[in-house]
Structures are given as C-alpha cells and as structure tokens.
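Structures are listed in the sections that come next.
Next, two complexes with chain A in common: one pairs it with chain B, the other with chain C.
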Partner chain A sequence: MPKSKRNKYIFVILFLLLPLSFVVDVFLGSVRIPFAGVINVLFNPQTANPVWITIINEFRIPKAITAILAGGALSVCGLLMQTYFRNPLAEPYVLGISSGASLGVALVILTSEKIGLNLLFAGTYNKIGITAAAMIGGVITLSLVALIARKVSSNVTLLILGLMIGYIIGSVESILKYYSTAENLQGYVIWGMGNFGNVIWRDLAILVPVVIAGLIASFLLSKQLNLLLLGENYALSMGANIKFVRLMIIIIGGILGGAITAFCGPIAFVGIAVPHITKNLFNVYDHKILIPSVALVGAILALICDIISQMPGGEQTLPVNAVTSLIGAPIVIWIILSQRKIKHTPVDE
Partner chain B sequence: MKKHPTIIEVKNLSIGYKEKKTMTAVLENINLDIHQAELICLMGPNGCGKSTLLRTITGMQKPLKGEIVIEGKNISLFDRQRFAKKVGVVLTENISVGDISVYSLVSMGRYPYNDWLGTLREEDFKVIDHALDVTELTSYKDKNFLELSDGMKQKAMIARALAQDTPIILLDEPTAFLDIPSKLEIMQMLKELAHKFNKSIILSSHDLDLALQSADTIWLITKDGKIKVDAPEDLVLNGHFENAFNRKDIKFQMQNGIFKIEHENKIKLKVEGDKTEVFWTERALERIGISTDADCDSNEILTISRTDNKIVWQFNVNREAKIFYSIAELLEYLNAAKFQSIQ
Partner chain C sequence: MEKSGRKNTLLYVMIAIALVISCISFFASSHKQGGAQLKKGYSSPYYKDELKVKYSKSFEIEYYDSAKIIRVFTPDSARTLIYQYLLLPNGVNVPSGYGAYQIIRTPVKSVISLTSIYIGFLEKLDLLDKLIAVDNFQFINSEKVKELIKEKRITEVGETANLNIEKVISINPGLLLTYGNGNPTVDGHQKLIQNGVLVASSTSHLENAPLARAEWIKFVAAFFDKEKKANEIFDSVEYRYNKLKTLAGTAKNKPTVFTDAVFIGKWYEPGGASFAAQLLKDAGADYIWKDNNSTGSLKLNYEQVLDKAYNADFWINVHFWNKISDVVKEDPRNAKFKAYQTKNIYNNNAIMNEYGGNEYWESGVINIDIVLADLIKIFHPDLLPEHNFKYYKKLADE
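Moving on, here comes the complex of A and B:
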C-alpha cells in the first residue's frame, strides 16, 4: 500500500530529525561555543574547556532532554484530550490543566513554610512534592472540565469553559502572588513564560520515569481510544469499558500535563498543534500509530521551538512560550477555519 | 412458517428516565419475544419511546423495572465484552473520525474478539471480508469513510456491526435521511441478513411503506403506550395502524396501506382511460381536491388517450371539449375552473 510506505519514509525522516535537532539545540545557547568545542566536550572531555563542559553537560543537555520530554508528553496529552472530548481544539493548556498544575505548585510552596515561589527554580526544594502537587492539580482540573463537559455539546463552548476555569485558577494564583515577595514574583513571571532550562539532572530522574510511564500507559489504551473515536455509545456497544478509559485518560493526561508544567511552566499550544500536524502527516486515526508518532513530532517541535528561542544569537533568549504560541496559535486558527467538523459538532445523547 | 427459537425475552419491562428520585416511565409492562432470523420493525409516532426502548435493550440505559434476557441470561449480568459479542448496534450519531478507511472502520467491529492492541488474525480478516461482501462495500474498502454518501456510510456502519458477528443487531432509524433507492437497498439488505444469516434484527423506522414491505414482525407503539406485536398486514387489517397514526386531515388508507391528506372533495369527476394513466391522473386530481368516481353520473368526463407515445387528456364539459397535453396544463385549467365555480 502506498500510504503505509509513505508513512514509513516520513517516520524515518522524523527519526533522523530528532537527533539532528537535539545536536543543534545543544550547540546553540546564550554562551557561544564553536561547533568543534561542542564535539570536543561530547567526545573528548579531557582536553575540552571546563566551562564549556559545565555549560553543555549541566545545562544544555538536560535542557534538550527536557524539551524532548515536554514536547512528547504535552503532545500525547493533547491527543488524549482531543480523543476524550472528541474535540480537535482540546489540549492541556487551553483546558486549564497547566493552570491547575501551577496552582498546585504554588499552593505547596506557599503553604509549607511560606518560603516563596523562587525555591521552585532554585532546585533546593523537594521536587517530588512539587511534581506530585502539579500532577494532582492537573488531574483535579481535568476532572472538573470533564465533569462540566458532559453538560455541553459544542466544541467551542468546551474551550470557553476551559479558559474560564483557567481564569478562576489564575485569579487564585494572583491572590497568592499578591502575598509573595517581589523576588518570588519575578521568578514566577519568568516561570510562567515557560522554560526548558530550569531542569537539572536530578530533576530528570523524576521527569523521565513519569513521562515514559505516561506514554506507555497511553499506548496501552490505544485500542480503547480508537473506540472512543466513534463516540461513547458505539464504544460501549463494542465492549469498551468507558468509565475505566475515561478515568485513565484523566489520570494520564493530568500527570503528563502536570509534571511538565511543574518543571517547565505552562507551555502553550504544543498539545494542540502537534496532534494535528501528525494526523496531517500520517493520515491515520489509529492510536497505536498516532501515540508514538505524536510523541516523536512533539519532541522535535519542542526542540525546534527551543532552537528558535535562542536564534537571536546574543545573550538573550526568547521565552519558549512566545515561540510555541507563534507556531501553535496560527495552527489553531487554521483548524477552526478549515475543518467542517467544528461547525457541526457531534452531539452525544 | 415454523417459528425460530427465541433469542431475547423482554419481561415486564418498564423504560424511561430516572432523574434524582423521580422516575418518568415512557413505556410500562412491556413483554416481547425476539426470535432468530426475524426482522422486526419498531414503529410509532414521534416521542413514543422507540429510541428509549432500543437503548434499553442495548444496555445503554438501565430499565426502570423488569428484565431483558438474552439466551437465558439477564443482560445486567453480562460484562461489556461478552455483551458486545451478542448485540451489535447502528446508531443515528454522526461519526467524525478523520482519515478512517471503510476497511479500518469495519475492522473495528472485531475489537471485542482481538487482543489489547487490536491485532487482526486470519479469522478476523475472513469475517471482515464477509461483512464487506454482504454489504457490497468490497470495492470501497480503501475509501475514506467521511467521503462516502449517506447511504454508503450507513452500509459501512452496518458492515461494522456485522464484523462484530453478533446474533442480534439493533438499528436506530437506519433509513432516516436516505434517498428512496438507498432506503430500499438497506431494508433489502437487512431482510437478507435476517433470513439468510439467521440474525435477529430490530430497527426503528418512520417509513411505514418500507416496514410493510420488509418486516416479519412489527412492534407498534400505540398512542396509549401499549406495544402491539404482529405481522404487518395483521396490524393493518386490525386497524391498529390507523389508530396509531391518524391525525386530523391525514388518514391511513387501509385498502392500499398509505397515508393520504384528506381534502374536502366537493367536485367529482369521472376519469376514463388506461390503468396507469388513470392512476396518476387521479392522484393529481386528488392533490388539488377533486375526487374521482368511475361510477358517478357526472356529465364531466375526463378521457385519457395515448397516440404516438403522447398522452392527451380530453375534458368534456357541457358538450364542449378541452384538450390538454400534460397534467400540469390540466391542473391549471381545473384549478381556475374550481375557483370560478366557488365564486
């Protein structure tokens, strides 16, 4: 079949693109390191400049790995949301998972010891606690949205609901911010712009297993997710355990979205853009193929966004969120304009 | 005809909605038997509970009272997977999956049988091919589902239910929104599935004509919330159809099984000519409120004749003859004449 052959080629290209963008991402940064220097650090560390070794080993490589994890996790999270809500516009950021997660983080830090938000970024705080809080925040928000979503039938209404929940959470956050110090506030604002660079090796020890577990769990659900595409009633009639699947999606989605938010801050639009790009690339519905592909495309896109955010070349880097929004928001507009599906929404009885 | 064994028994069933503590029953005390190789058509006026009954039998909705027994076992005791091997459904919901081929859609019917990844085995391929073959979709199997016509989509959904290989298939309004040839095709197909492959098929429909032509049994929900079960023709002759559907101005005609808009026919005409032409001319006249009567002694006679493949209507009134070359012309004249006569 020509389609599956074409898909294989695309997959191979993507597979080559991933290490390529990883290397480019490691190569670029606010401190200029020549290409030979990077190679030296990677393959011949004895003779390399020790400052460069620190920069590359302690900052750039963890950052690039984080970008891969964040891109993969958020994209798969977005795919799960889109299948769950049968809504091409659903994703963790728009549905308020990211805000729920960040509220969880803020609450933990402010209520325990009242030390301030900046400890989140300093890395001295117990990251396991923060990650757990973020994941719980994500799961709770997502359950809330899912609960309300049962009452609405329109795709766009769901998004408005998600945004409203996001606002409510945001205002709670503002109140928390109001009571925090200027220093913490600054840290919080920077965190809110999204950043892959705050993650150190020790954090990856938490992030890597969480993301991998989430991705594997999503993959295990792929048959049930396929059934959900036909709508709840058809899925039921074909033997799907709807309650279980829904619960699992909410937990996995909340965990993936929450964990990434805890470490990188809310990152917009990756979750919505990547599943669409992937579906257009591969023309498939099957989650067995979609989940690994979406994770791969998400990882590459996040790396590219990170590369772009360092493009100015100087010492300044752009906030990742600005880049992801710049790429993602037009895709959302394109989906709204181009897809008939949005106009007539499937109505579940 | 020897009755096939019973496959579903509905006992003392009450259906409806439960909201908090108030129960709203739509239908009560239903007792029904469904046999193998039986095509059942569920009919009744809008809002009488057809969908609720189907949803309850498919286990999507809990009954308020009573039980549904499939092959001797209450449906509430089935786990979803096992139940999915007994009852397949075709619903009115739109499917909005992007990029799914007909083949993939039909192969999803095998999900209750295959492993957690949905891997298709030799046996699955056979069942899918058979389902595509029976529904005449084999040449469309690589087409995108969303690009099919409504009739083809419905067939694909039926093929998917067939791939599910269930002895029972329930369909909610499978012929709604289809053009007439597609309606007939679908019904013919369902009839064949029931009789040739021993499936028990229950479908709800508004198409009386279609149901009368194809169903073995009709479940007719009457205005007072009872279900009449009988062969279609018996329900006609017993007058149950008339009772269920008659409304002001619209009457069920027992002699030919169709609904007619009742006009107050004041003007009567006598029509003579070839049988087919007389039939359609009479229909046209009926439409503008003129009734025809072959035995009436009216001096107004409409004669239809055919010369050189042309049909000519000759209308004799008061020894004056008017010639028309189409029904439209005839109706135009009669409408004007009717208007004058009223004045």
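Moving on, here comes the complex of A and C:
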C-alpha cells in the first residue's frame, strides 16, 4: 500500500476514534449512570433525572472537551519544541514551561493585595488574569531556556537546563507560598494540582479560542518548521526569516503550554510521547501533516488516559497525571534507547 | 586426700556461684523495688482532687501518693502505648524504675504551645500567664494572647514541621505542648527530648467523640495541678452538651446535611463515625454519609457528592466562604445544590483573625457545648430561640 493511502486510512480511523473515546469518556464516571440514562439526558432532558443532567452537562462533557484541548495543545507544543531545539526529548513539561506558568499563577494568586499584581490582572482570582499570567510565565521561561540553549549543543544538557530552571522556579514558588495568607494559599492549592475535571464551561470560553488560535498559528508555520528541521543554514538559504520563526514558536509554545497549565495544572509526558507516536504511525516529517495528526493523536490519547483514570471503578479515580506518566515515561525510555544520537551524546559535540 | 580436696574445691565454687547469684538477684530486685516506691489508694498530701478520664480512650491519668502518671495511647482499637509521663511534685525524689517515662515536675512553670487547641484549654484554665511561646502568631485568635504578644511576653517558635529547635532549647520551657499522630519516630520530637526539653504530645485531634476531644483539657490541667478547675470546666461542658443532645433528640424531623466543598478536584466528606458526623447526629441532623463507618474522611469526586447531596437541606463547614456569592465564585457548579438555592449554607468561621486563623479550632474544642448549640440552632431554630451563634454563621446573601 502506498504511504499516502495508508496514512489516509490511519487518519480516518483516528478521526472515528476521537468521537468514540469522547462518548466512552462521557459514559464513564464515579457515579454509575446507565446507558439509557445518558441517552435520556442527551436527547430527552425534560424527563431525565436532574442530578444526571447536571453530572453529564456540567462535569463529564466539559471534562472530555478539556481532555481533547489539553491533549492537542500539549502535543503540538511538544512537537514545536522538538523541532525548535531539534531535540526529540523536548516538551513543555521538561523544558519548564509548566513551572513557568505555575509561577505566573502563583504570583497572581499568592501576592494579591501585596504587590498589586492581582489588580493588574483585573480582579480577584479572575480566570482571564490567571490564564494571561500562566501564558506570560510560560513564554518567559521558554525564552530563557532558548537563550541558554544557544550555549549548549547536547540534547541531554538542554533537558538538564530545563530541569534546573524548573527547580529554581519551584523554589521561588515555595518561598511565595511561605509568605502568603492561608486564604490565598488555599486558592492557589485548589488551582495547583488540577485535572481535566476542574474546567467548567466558563473556562472553556477562554481555553477553546486560545488553543484553536495556537493550533492554527502552528499550522501556518508548517513550512518554516519544515525548513528549520533541515537546519538553520538551509532555512536561511531558502529565505526563511529565522529570527521571526523562532520568536513565533516560542510565543505559540508558551501560550499553548501555559494556557493548559493554567486550567489543568502540569500534565506530564503527553507533549513528548504524542509527537513520537504520531511520527511512527504516519512515518512523515512534514509539519503540514504532522501538526493536525499530532493534535488528533494527542486529543485521543488524553481522552484514553482520562478513561483509564476512571478504571478503578466505583468510588475512586486515579489522578490523570499518574496515567499520562505511566504511558508517557516508557515511551521516553524507548526513544532514548532507540536513538543512537541521544544514547551516545558526545561530551563535546 | 586428693579426692576430698577436689570435693572441697567444688564446694567452694558452688558457694561462690550461689553468692554471686544471690548478690545479683538482690541488687536487681533492690533496683526494681528500692527507692521511693509509688503507692496507690492513699490520700495524697499533694493531690486533693483527681481527674478521671471518662470519654477518651486515648489517655489515662493515674494518681499515686506523690506522683501522677499520664499515658497516651494510639486512638485506634489496638490502643498501643505511645507516650508516658511521670509527673512529680517539686522536691519529691524520682522513684526508681521509671526510666522509660518523661519526668516532669509539677506544677509546670512555663509552657510552649504548638497547636491552637491548647490555647483554648490554657485560657479556660487561667494559665495564659504560663504561656511563653506559640507556633505562629498568625494562628492566634484569643484576645488575651494577642495582648500578651503585643506586650512581647510571648514569642514565636514555628510550626511543628518548621520548628526552630535552637530557639526552643534556648527558651528552655517547663513544658512543650504539641500534637502527635501516634508514631513517636515520625512525630519527631526526639531531638528536643534528647536536649532536655519536656515534650507532651496529645492525639486529641484524632478523637471522634466530641466530648472526648474536649476532655483533653484534663491532660493539660494535670501538668499544672489544676485538677479542680479542669473538673469544674469539663463537668459543666459535659452537662450542657448532654442536655442539648437530649433536646435535639426531641426534634421530629431530621434535616439532611452535607459538608465541605471540592478541594483540588476531590471532595472530602467526614466519615460516618468521625467527629463531625457525631456532632451532626447529636445536633439532630441527618448527615448524608452517616451510614459509613469510617472515622477518617471520604475522598469523593464532585459528581458523587452531587449525586447524594443534590437535595440535601443544609450545607455546612464550607472553606473560607463568607457570602452566598463566594459559593459560585469558587465553582459555579455549586449552584446546582438545593441548599444553595434555598440559601441554607452555614460556615464555622464566624470568628476569624485577619490571617484566617479560626477560633473554632481554638476555643471551639473545649466549648463543644456551644458548637452543638450553634448546630442545633441551624437545624432546629425553634428549639433554641434564645441562643445566639458563636462559631457558626449563615452565609450573607449578597
């Protein structure tokens, strides 16, 4: 079978898999609602159990939409990072975007009244303010990593840099926590370790446009991303404005990673695992195909992770971060073991 | 000749061995039984009144002629001994055989309190003049303690996890009151104890019976020889509590109630056998998870709470909320509950300091009768028309 035809089939299957996993995710939850009950809620809400209507409309559907957005955004963000740094191990979590976004949020929530940042971002615990702070935090951290990354050439060193920046940010965060009031701290903690389920319709009104804009912008950069993949000199010779492209990637990456962190908290490994799964699945390196496919695979994987997190059945659910790590970390190990370039990074490349 | 000589040697050896054994046993037994022996059942010249622990299963106080012994146990059914204290009046010799005990001279002259529960107890017992340090000024609600802080008579030593050990040692308190979860290695005051600081740990926060929690005032009082006062305080609390409980029992309808709010994606409801659940039962309410037999808290998802508490009449103990608008500000989905629509939401944060320190966890522990009265007023306002809320308030409708 020719590659393009095969890829079309895969794409169709994935396209069908997305609504299927969406539906399964909506059906499953810690309160058992029978199949007929869900159908009733969706198509005949007048006669349905009002509790089930609330559970499905206010909890499960927004949660499933959030999973799609988070999976898509983090995966594309990861792809952008991998192309930018030409490093298969780059991703928003490892590069400290998530920590930077967290710090932005911490500054807004924890220092309210003290520095007046809260006022600057319009109102108490305002979600738009928090999202903006997280995105700015994400962009600044990413710029910092990108700036330092010019000094290093080793793939693994870059990750260590990201980790170190993450640690520094983490300690600034704990110092902030130490000096904050109990009320602000609780506000921050409630935000801090979120999951897909914390997102409500009102938040989606912010998250949906941000993620869609980020995805479209990334898609528009496909050509330049392809050139970048071939090397900076080649891209220059083809007339690409490298500086502009780099800046755009940092802004888009920071915004996608930061926005998701603002609403779901740090979610590990989706950003690194999905681009690799997708590249293996389609066996292509063209970003015009890669970006939509990565977004699709990311959305499906996030939904599947959310479904798995409901698996214990009955009362308990697993934290979604545990599930993404359980699936994502082995993939990272596999990448490290299978790619000669990473396994044997020379000391002075 | 040679034979009898051998016999004699054997005899001497045997005599020598017998001597050695009897010597060892004599010294060993004198070590065990010698010195000032503790006697029980005599009228003690030191203690006119005695404290009897009635509700709590986690500690006991024993009286001897010239000593008190306090033992603290794990709050579970295994009831493992975790701490033991030998309290001796000044001037009384230390009896031998109590090496495993912390020896504390009473009445204690000065005290550090590392948890707000003790502040309530100490204030009730008129012992605030003995208080020389607390964990964190921000947690303090007591006006009297705040006054002492202003006069710089009380200092800060940090919370248990962040305790400034050097400062504690340099203050050299007569006693350091803290709380433990029942595991001496984890509770980690070994370093203080090794350095001669006398540490007394309670597990009062793990008590599930409301009166048992209040009864820990006796634990504190014993170190200060305040038996009479502690008995007076506790007996009147007990009397009023039981009277109120009987009153609430007469109510015909029992309104349904649920507590708390979603926190980091999870909703923690008190188990059906916990402190909060027992208070609600005594106040004549029908707690949604009353049939559960856990003494800890239930970790639920939002949708599970919604499923069970959707039509509950009352909603109480809700984070830091003060106004009805706070309920939906934190999560608009909270508006789905019937209790929100009928505005029957009450919080136990009527008295808070500017840092969020809640009086409920300070004096509310010993004033458990007032807490119960507040709850009865919420569920059955007609039973206590004269009572004014102290710890609870209805969320303001704005």
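To be clear about the criterion, the second predicted complex is superposed on the first by the 312 of 349 C-alpha atoms of A that agree within 3 Å, B and C clash if a C-alpha of one lies under 4 Å from a C-alpha of the other, contacts with A are read in each partner's own complex, and residues count from 1 in each chain.
Just so we're on the same page, a contact is a pair of C-beta atoms (placed from the backbone, for glycine too) under 8 Å apart; a residue touches a chain by one contact, two chains touch by 3 or more.
The structure presented is a predicted model; accordingly, all values stated were derived computationally and were not measured.
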Which superposed partner A:S143 touches (first chain B, second chain C, both, neither): neither
Touched partner set for A:L230, first chain B, second chain C, both or neither: first
First (chain B), second (chain C), both or neither touched by A:N7: neither
Contacts of A:T54 with chain B and chain C, given as first, second, both or neither: second
First, second, both or neither for A:T157, with chain B first and chain C second: neither
Contacts of A:M238 with chain B and chain C, given as first, second, both or neither: first
Chain B and chain C contact sites that coincide on chain A, given as residue numbers: none
Parts of chain A lying in touch with chain C, wherever the complex brings them together: 29-31, 50-51, 54-55, 58-60, 125, 181-183, 186, 189-190, 192-195, 197-198, 200-202, 315-317, 319
Chain B-facing residues of chain A, complex: 86, 220, 222-223, 226-227, 229-231, 233-234, 236-241, 279, 283-286, 288, 341, 344, 346-349
Touch list for chain B against partner chain A, complex: 58-60, 80-81, 83-85, 87-89, 91, 93-100, 104, 108-109, 111-112, 116-118, 164
Chain A partner contacts - residues on chain C that touch it in the complex: 138, 263-265, 299-304, 306-307, 310, 319-320, 329-333, 336, 355-357
